[in-house]
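I'd like to ask you about the structure that follows.
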Amino acid sequence: MPESATRELTFAQAVREALAEEMRRDSRVCIIGEDVAEAGTPFKVLSGLVEEFGSERVVDAPISEAGFTGVGVGAAMTGLRPVVDIMFGDFITLTMDQMVNQAAKIHYMSGGHWKVPMVMRTTLGATRRSAAQHSQSLHAWFSHVPGLKVVLPSTPYDAKGLLKTAIRDENPVVFFEDKMMYKLKGPVPEDDYTIPLGVADVKRAGDDITLVATSSMVQIALRAADLLEKESISAEVVDPRTTWPLDEKTLIESAKKTSRVIVLDEGYGRYGVTAELAALIAEGAFYDLDAPVKRMAAMHVPIPFSPPLEDVTIPTEQTVFHAARSMCKPS
Amino acid sequence: MPESATRELTFAQAVREALAEEMRRDSRVCIIGEDVAEAGTPFKVLSGLVEEFGSERVVDAPISEAGFTGVGVGAAMTGLRPVVDIMFGDFITLTMDQMVNQAAKIHYMSGGHWKVPMVMRTTLGATRRSAAQHSQSLHAWFSHVPGLKVVLPSTPYDAKGLLKTAIRDENPVVFFEDKMMYKLKGPVPEDDYTIPLGVADVKRAGDDITLVATSSMVQIALRAADLLEKESISAEVVDPRTTWPLDEKTLIESAKKTSRVIVLDEGYGRYGVTAELAALIAEGAFYDLDAPVKRMAAMHVPIPFSPPLEDVTIPTEQTVFHAARSMCKPS
Amino acid sequence: MTMAAPQFEAGADTAVQRDKWIHMYRQMVSIRLFEEQVNELYTRALMPGLAHLYSGEEAVAVGICEALRIDDYITSTHRGHGHCLAKGASPDRMFAELLGKEAGYCRGKGGSMHIADPATGNLGANAIVGGSVGIATGAAFAAKKLATDRVAVCFFGEGALGQGSLYEVMNLAQLWKLPVIYVCENNLYNEYTHYTETTAGDVLSRATAFGIEAASVDGQDVRAVYGIASRFVERARRGEGPGFLQCNTYRYTGHHVGDINREYYRSKTEEQLWKTERDPLKVLSEWLLAQGLAGAPALKEIQDQIRARMEAAVKFAIESPYPSVDEVEKHVYA
Amino acid sequence: MTMAAPQFEAGADTAVQRDKWIHMYRQMVSIRLFEEQVNELYTRALMPGLAHLYSGEEAVAVGICEALRIDDYITSTHRGHGHCLAKGASPDRMFAELLGKEAGYCRGKGGSMHIADPATGNLGANAIVGGSVGIATGAAFAAKKLATDRVAVCFFGEGALGQGSLYEVMNLAQLWKLPVIYVCENNLYNEYTHYTETTAGDVLSRATAFGIEAASVDGQDVRAVYGIASRFVERARRGEGPGFLQCNTYRYTGHHVGDINREYYRSKTEEQLWKTERDPLKVLSEWLLAQGLAGAPALKEIQDQIRARMEAAVKFAIESPYPSVDEVEKHVYA
């Protein structure tokens, strides 16, 4: 973290500040989405932006996710730098053609002649009692697609720095925010800063086991690490921060150092982010691992509404703690 | 394979026969898609079906993939067993909301009260010089989603038996056919038979290395095994046949037996099918593997049009042969 | 085309007619009081998550569903409690669902936005705006292929006019002459945005462009809704194809129960005007009184009965157990 | 509204006008002869994959693109060679692209269905039916925000009327008064299915429902297309919002070069009739001759020149090298 003065901001404030700064810096940056203007989105993440930048740059759209995502693609090709707001990550289903068949491929298909500098901001994360269509974490899909970059910030500091980089990037970038983290507070420098995409962050150093965690799971991993410390187990928490580009080196080095790894992600495990991370580490640290890489992710069920059911679908600090402990101290 | 008389059929004929037999068997089975009736689809897979079953059951639809997939979902809930035809796998982007937010979740969200017995048939596979929007293999996305089953047949025999099972299944099943395999011939029994979903098939037994391969990659793996044999390397080729349900046991047992594994899939490797298979095997056969599991899949680029470029994006018998040989006989 | 409320059907039995209107009154009161309890549950922090109340729009669901048979299908929305009750669901199992209890319609797995019930033809509420247009059209497709003479009604808010899939399925429905009726509940707002800011051109033309018969109706007048709905339903049942009905209505409270400060997007005066001038319960009860079909005490008694029923239903739900945790992995596959 | 071809503009310079029509004739001949070469390349197995020929539809692309400035935008389709040439692309680089060569517009990476060219405002052909409607609308959005006074034209076949995203973006375009023109090339067929089997209701109403000005025009008469297109383009450029233009036309050959036996979906008589009665080259050349604006030898000379140019372009493409294999991983990210 840079040395300038910092304040405590919430995750939502950090996102808003990143947008406001980039909009001041570059008049081509605009926002398109549902209820983004006066309402500032249901999570109030964008409050105040329309007041500063006007409704020409903070544009309320009809409920047409495919349509306005496509508008974002075309606008990005022709001189704007749109930030497209998809209210819930579950609605990216409606944008897959525009993101995958268009945005992701245009630069390549045109032999490098057109560029699509756009950002899609959307959410992930369960446990809000929002049921199966408002609780998914579908970032694995976009991570699978060449031409897209995928960002998963886990702190206010990372959110701000990564979002600014994403907006300045010349490619389509998908930025996933955990709904449950919007109120999380953390230090954010007052000065301008950015964080490069593709650089993992060791959120906590440790020796006995590596917890590779993304987005919402970083906080879970950090709390599990606290619990582990009380049992004299030293856990390293590594946050890739972007699933693409992916900082394979940092992940593998940590795995080699600790020789035990749990990978944690709130998406589904199967054919998901934990699969890639586990496969990568199992290959890259093959000769150093003392135990198989363990994957912890959303249970393979649609997210149920009923609270006691929903609560067991997602890894918690307790389940991570127990898993890590039994890897380190097999009974 | 059962003992009844067999004939040689092409993959396309096997698919057509499965559909015809199930349509004769059950009047609720119908087909909805673009150019499925008189045209019999661009690949002519459905030729003759409208003549036998009429345009009430083989229904030509407008170019509205989201719309008629949704119609399939609703029709499946209320008494039909629709087979929805999505001409190219690249167009599933348009159906993601209906498949993932609706079809996959309705049984669960309704507490088990509604069912969605539908099949989506679509394609995968590159090297037809069709460029980036007609060459993708996006089956990893659906494999990631609880509530869906995903079938990847690799021979005419499997195509017929698995499609019949898929049509009789009470859940939404996505059936991916490799475009390049439609003309592949193989023996198919004359009698009625089905193949359960979730049972891998050892396509060739071997001792030195396991090639786990899906769909189009099975033929590549078999040809590579032939080449390996000439070098006295005995390769086992295991075809999971369905990515969900997944026959983990057979995969892991083979890995334990040979202690070396290559996983092959024509989708993108990253965050894709090879990631899941590799992670699974690395975990399940952790103490038996002599080398890291090697993943071979589509290069992480949009599929280029230019033939010399397209050709290098997909594993071939040569690249698989070389990879396997160097795993077995490190130089 | 805007429809006026039908008067008594000439020559029909007056007592039967009266019972019908009184039944509709009961249904509307049920919805109103159900939603009052939901709000209460939210305020008392007894309900997990949020809910979108149907208060103010009762005449739409009731007017439409009374024109349907129990085996006809509906698809519903995030604002679905009204449709569900109007189609015949029981409040106790609905409250149980809202609280995530095993006795709920979906065993607690769906919650407010996903109530579904095969017994009343409810194909399910849907939390994706426009998410059910294909399902309703597909149910009509099956009804036609299976020759069951069932009809499907697709409820959606005017916000769903933004979703392209609506146009895809209207095209299919008209091409294939499917028995489906698209019911656009125009309550003026998509969440926090007035619909005129999101909706270009003319609403009915969006259906007539496909050759679909379309009409607008005063959604606060249950008799008007019922009248035009009956016409569309019978037409569809006869195989004459789909219909599109815009019901002009208003939601009394927030987009969801937590949407309390609404003045940045709509005025209190506007809300007040709808409540006092256009209240669907008032419109019907005044007519019933004026026609001498019911007296004030009888209507009061209906309200009391229903209030008691709702209180009992809430109690039932609160006291019901949650599903056991191993339910979580059931019903992923049939 | 169906538009007739404009006559000479009163008081305008006749020589200038003549040059304009002759230029359009050249452009149409270029497309026709380009496609002949493509078919030839396919038949001689020199072209990888397939291609969708624009023959028969030349007047649409040319009439529209002549109404545009070079810095205006177009998006195109799988049947895109005509749009590309009409917007000013050069045949040699197009053929090179069709053969997957490095000299191609996309360095061989796009092929027939993805030709794109910033220099002529070509945002790209698209192999997803309806896939570019958002892109064209977005280009108009940017033009408006950046106040460049550019206009975007979105070409699509009538098959794209089935795609919901078209309706989503038409709503946006009209709400935001964007300078975009949706050009529906109605050539009667979606692949192997007549469009009346896939298209309910009335085509123009699908745009007017959103308040968008819409017109139909004889797509075989380049002067008619040019006339109405100019009006729509100027209107859009003045900030008066989007337009929708249905151009009635016909593709002479198969859906793609490999679609040889077509009689199961359309008759040879129908094909013959369009070719003899409504050929766009013939319609324009007869008018030029009748008006005394050109003589038969001059027109013949144009054809010969262009044929020679196309042959040279094909030769260039055939002789050009493929990109080097390490290009495969370039341009995934900018």
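For reference, chains read A, B, C and D in written order, and residue numbers begin at 1 within each chain.
Here is the rule we use: contacts are C-beta pairs under 8 Å (C-beta built on N, C-alpha and C of every residue); 3 or more make two chains touch, one makes a residue touch a chain.
What you see is a predicted model; the values in this text were computed from it and never measured.
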So which chain is the furthest away from chain D, centre to centre on CA atoms? C
Could you quickly compare A-D and A-C and let me know which has more C-beta contacts? A-D
Determine the centre-to-centre distance between chain A and chain B, using the mean Cα coordinates as centres, and give it in whole Å. 31
From the C-alpha centre of chain A to that of chain D, how far is it in Å? 42
Approximate Å spacing (C-alpha centroids) for the pair chain C, chain D: 47
Taking each chain's centre as the mean of its CA atoms, chain A sits from chain C at a distance in Å of 37
Interface hub residues of chain B, defined as touching at least two other chains: 61-62, 64, 66-67, 90-91, 94, 97, 101, 108-109, 131-133, 146-147, 300-302, 304
When you check chain D against every other chain, which residues touch at least two of them? 106-110, 114, 126, 128, 131, 161-165, 168, 171, 175, 197-199, 332
Once bound in the complex, which stretches of chain D touch chain C? 161-168, 170-171, 174-175, 197-202, 205-206, 208-212
Chain B residues touching chain D - in the complex, by the definition given at the top: 34-35, 38-39, 42, 60-64, 66-67, 90-91, 94, 128-134, 299-302, 304-309, 312-313
Spell out the part of chain D that touches chain B in their complex, as residue ranges. 48-50, 100-101, 106-114, 126-131, 159-164, 190-193, 197-199, 264-265, 322-323, 325, 327-329, 332
Residue numbers of chain B touching chain C in their complex, please. 28, 30, 56-57, 59, 61-62, 64, 66-80, 82, 97-98, 101-102, 106-117, 146-147, 149, 170-171
Residues of chain B touching chain A in their complex? 90-91, 93-94, 96-97, 100-101, 104-105, 108-109, 131-133, 140-141, 143-147, 243-244, 246, 267-268, 270-276, 278-280, 282-284, 286, 289, 291-295, 300-302, 304
